[in-house]
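The structures come next, written out as structure tokens.
Look for chain A in each of the two complexes below; its partner is chain B in the first and chain C in the second.
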Partner chain A sequence: MPAISATAVAPRRLQWMTATVRDVVDETPRARSLVLDVPDWPGHRAGQHVDVRLTAEDGYRAQRSYSIASAPAAATLTLTIERIGEGEVSPYLAGEARKGDQFELRGPIGGYFIWTPDLGGPLFLVAGGSGIVPLMAMLRQRAAAMSTVPATLLYSSRSHDDIIFRAELETLAGQGRGFKLVHTLTRERPAGWRGLTRRIDRAMLESVGYPPKASPRIFVCGPTPLVEAAARGLRDIGHEPHLIKTERFGPTGT
Partner chain B sequence: MSMDGQGEAPLDGNAAGGRLRELFALDMTAAEIVCDGCGAVAEIGAVGDYGGAMGAVLRCVHCDTVLLRLTHTPAGLWLDMRGTRRLFVAAVSS
Partner chain C sequence: MSEPPISRGFRGRKPGGPSSRIPPGQHLVTDFPVLSAGPTPEADLKSWRLTLEDGDSPVGEWTWDQFNALPQTDLTVDIHCVTTWSKLDTNWRGVTIDTLLEAAGLTEPPAPFVLVHSDGDYTTNVPAEDLVDGKAMVATHFGGEPLDPEHGGPARLLVPHLYFWKSAKWVRRLQFIDTEQPGFWEELGYHIYGDPWREQRYAGD
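The block that comes next holds the complex of A and B.
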């Protein structure tokens, strides 16, 4: 009988852990990053998420999932959260949480929406709004690993000011290591904007992305309508469904 | 990004990954699930999740069949998988 790896025999049970906010970084007027200290964090893969649990004084608990923004190689765990709607958890994390605050989280979670450099490419990333977060973890890992896998990000935002990680993305694109960055702005554009100005559609995916014969690995993350439109467009272009990975979140505008 | 599994806003099986790990020993988001309604095969991360605060309600994206319902109550966990014909978990998973 072949040897069975230790992880297959004794998978780690997911435990709630205490996270302490080490730093808060405003990314856009509506999104911010929480840099966390999590003792005994077991490490993660780019694209994975955590569950966050808040407990009120009366014992009431609310729980939500948030994508990890930091690369596995980073020293700290970072979540980037957008203020959307009236949820029970996001307003606290994206608005009220302060340095030194503590809350519970468990993870890393997910084996479907992940990319590691050894999976190769080309890598075609399609993001809407804060759907950039897990894709940013992939781009940060690609950069940290000095990977030369060709990568393209098509990123739909409402306005120039709503582009999360804008400066860092421009820096990565400027390094000329095979990363191409394409923005589309769906509501407002700065004066002189010469980029794309419409929602993501089949023609855009075809002109920005890689042809099906290149067998790109495709990750799409954003609000449900964007993800479904993009996944449909990608299948219509002829990309293999098993190479298209999707992650949806609730309805918000992009 | 956030995945606020509230109300009718459909999310997907990725958001149910943590809850499923309360019952299953392995990550289930990459597992293949076969719909008992129409036979469609999908990875759990790719199917719809209509669950809320109480748990996960996974539905087939092709025919809307409820594949799996995981409910947390003070008494314990309830799992209803009558809409699932088969699950496949690859040997190298985590």
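The block that comes next holds the complex of A and C.
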């Protein structure tokens, strides 16, 4: 590929790059991380996403957007994908793809739903299901930068087995560097579960999160109903709408 | 660019619609996904106003009742989101920008570019010529029902021939300006124009 000439006028086009699967990590029965080698990866900020494009042998292509799970500081780029039954691309990425397989991606994309340690906090992260992925990049970035910005994650999952990054989150919370982890399990609970058991609501956001006077930076990511309920609850508590950043995905975000 | 790598074992299920109506890189959906950068605003219809501005000067303003008394148009169109979903034959009702200009006593757009302002401080930019001649409307109904807040209700812009982020939800003000000014997503790396048929997703595409 020829070198891209710098021009003052034309914005640089996001080029398609070849990603090679270096490693596959099963996170839950339905979610899988793909650790990728992307030789020309330009770097990213936590919260950004990429467009992935698959090409079949007959030349047919399909593309979708996926959040980046890895911290900018990590040596490899990691996408974590939840397999959605009706999906076209996610069953391939989270089921079929294995070490050595290749596809195209381009990015990073998105300059709004991002957090860097210099933006400060407190940081209040609200996740539903695989909505944890861009928020995990923020937590990994926070840890990699040894940031002491207070951070709280309220994470709604259907069951204990559906919690993505469960062990890593527990490790981060156990390090005691100002990170608080709160799970809520909405469908099934393991025996002896003493945590939260209902969908995210205003009362939960109020008791788990920071008060409006602390001006937390709030990131909400998950399925649309969860994001709508959380964003409304946060606004009703008194948080400034411009401090509430949201990303929604639905069954078609596959 | 060299040949793209074949993704071993990927067959796909094809876009699922007539190729003449599915732009490159898009796939057909039947539901209606929601994407917004922040909380869904709650509009108070008593204080709601839609304003047309020539630069900083208001040239037309309507209350909710006045807006709904304007001639209504039905439009059935295909819509295309930059996140790669397309939805065919969506049915909208609202007031075309032509009708708004006429109601404001204007025979043509007062300036060549428009910055669209919404509740929640969202903006997007569209050339004025892309809003006239029946190409765009301020829509209040989807599928015969009042537009849900999460889909942009009470009123959103509808510019179906451009990627759907241009169809700003919760629209309140159309500001006609002489020099093109990038809006919210356009400032953040998305394409300044956003033609789905030329796959203009991001700056430089």
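We adopt the following convention: the second predicted complex is superposed on the first by the 238 of 254 C-alpha atoms of A that agree within 3 Å, B and C clash if a C-alpha of one lies under 4 Å from a C-alpha of the other, contacts with A are read in each partner's own complex, and residues count from 1 in each chain.
Keep in mind that, in the parts below, a residue touches a chain if its C-beta (ideal position, glycine included) is under 8 Å from a C-beta of that chain, and two chains touch if they have at least 3 such contacts.
Predicted model only: the values in this text are computed from it and were never measured.
Visitor: Should chain B and chain C be called a clash or a fit once both complexes are overlaid on chain A?
Guide: clash
Visitor: Give one of first, second, both or neither to describe whether A:Tyr92 is in contact with chain B, with chain C, with both, or with none.
Guide: second
Visitor: With the two structures laid over each other on chain A, which partner does A:Ser67 touch: chain B (first), chain C (second), both, or neither?
Guide: first
Visitor: Please indicate which partner A:Thr55 is in contact with in the superposed arrangement: first for chain B, second for chain C, both, or neither.
Guide: Second partner only, chain C.
Visitor: Which of the two partners, first being chain B and second being chain C, lies in contact with A:Glu104: first, second, both, or neither?
Guide: The answer is second: A:Glu104 touches chain C but not chain B.
Visitor: So, does A:Thr18 touch the first partner chain B, the second partner chain C, both, or neither?
Guide: A:Thr18 contacts chain C only, not chain B.
Visitor: Can A:Gly131 be said to touch chain B (first), chain C (second), both, or neither?
Guide: Only chain B is touched by A:Gly131; chain C is not.
Visitor: In the superposed arrangement, does A:Cys221 touch chain B (first), chain C (second), both or neither?
Guide: After superposing on A, A:Cys221 lies in contact with chain B but is clear of chain C.
Visitor: Considering only the touch criterion stated at the top, classify A:Thr246 as touching first (chain B), second (chain C), both, or neither.
Guide: In the superposition, A:Thr246 contacts both chain B and chain C.
Visitor: In the overlay, one of 22-30, 58-66 or 94-102 from chain C clashes with chain B and the rest don't. Which one?
Guide: 22-30
Visitor: If I apply the document's touch criterion, which positions on chain A are contacted by chain B in one structure and by chain C in the other?
Guide: Of chain A, residues 11, 13-14, 51, 62-65, 89, 109-113, 224, 245-246, 248-251 contact chain B in one complex and chain C in the other.
Visitor: Tell me, which parts of chain B touch chain A in their complex?
Guide: So the residues of chain B in touch with chain A come to 1-6, 9-15, 17-19, 21-22, 25-27, 29-30, 43-46, 53, 91-94.
Visitor: Applying the document's contact rule, which stretches of chain C touch chain A when the two form their complex?
Guide: Those in contact with chain A are residues 1-2, 4-15, 25, 27, 29, 31, 33-41, 83-85, 120-121, 150, 184, 187-189, 201-205.
Visitor: Help me check something: in the complex, which residues belonging to chain A touch chain B?
Guide: Chain A residues touching chain B: 7-8, 11, 13-14, 49-51, 62-67, 80-82, 84-85, 87, 89-90, 106-107, 109-113, 129-134, 221-222, 224, 245-251.
Visitor: Flag every residue of chain A that touches chain C in the complex, lowest number first.
Guide: Answer in residue numbers: 1, 10-16, 18, 51, 53-57, 60-65, 88-89, 92, 96-97, 101-104, 109-113, 224, 228, 231-232, 234-235, 241-242, 244-246, 248-253.
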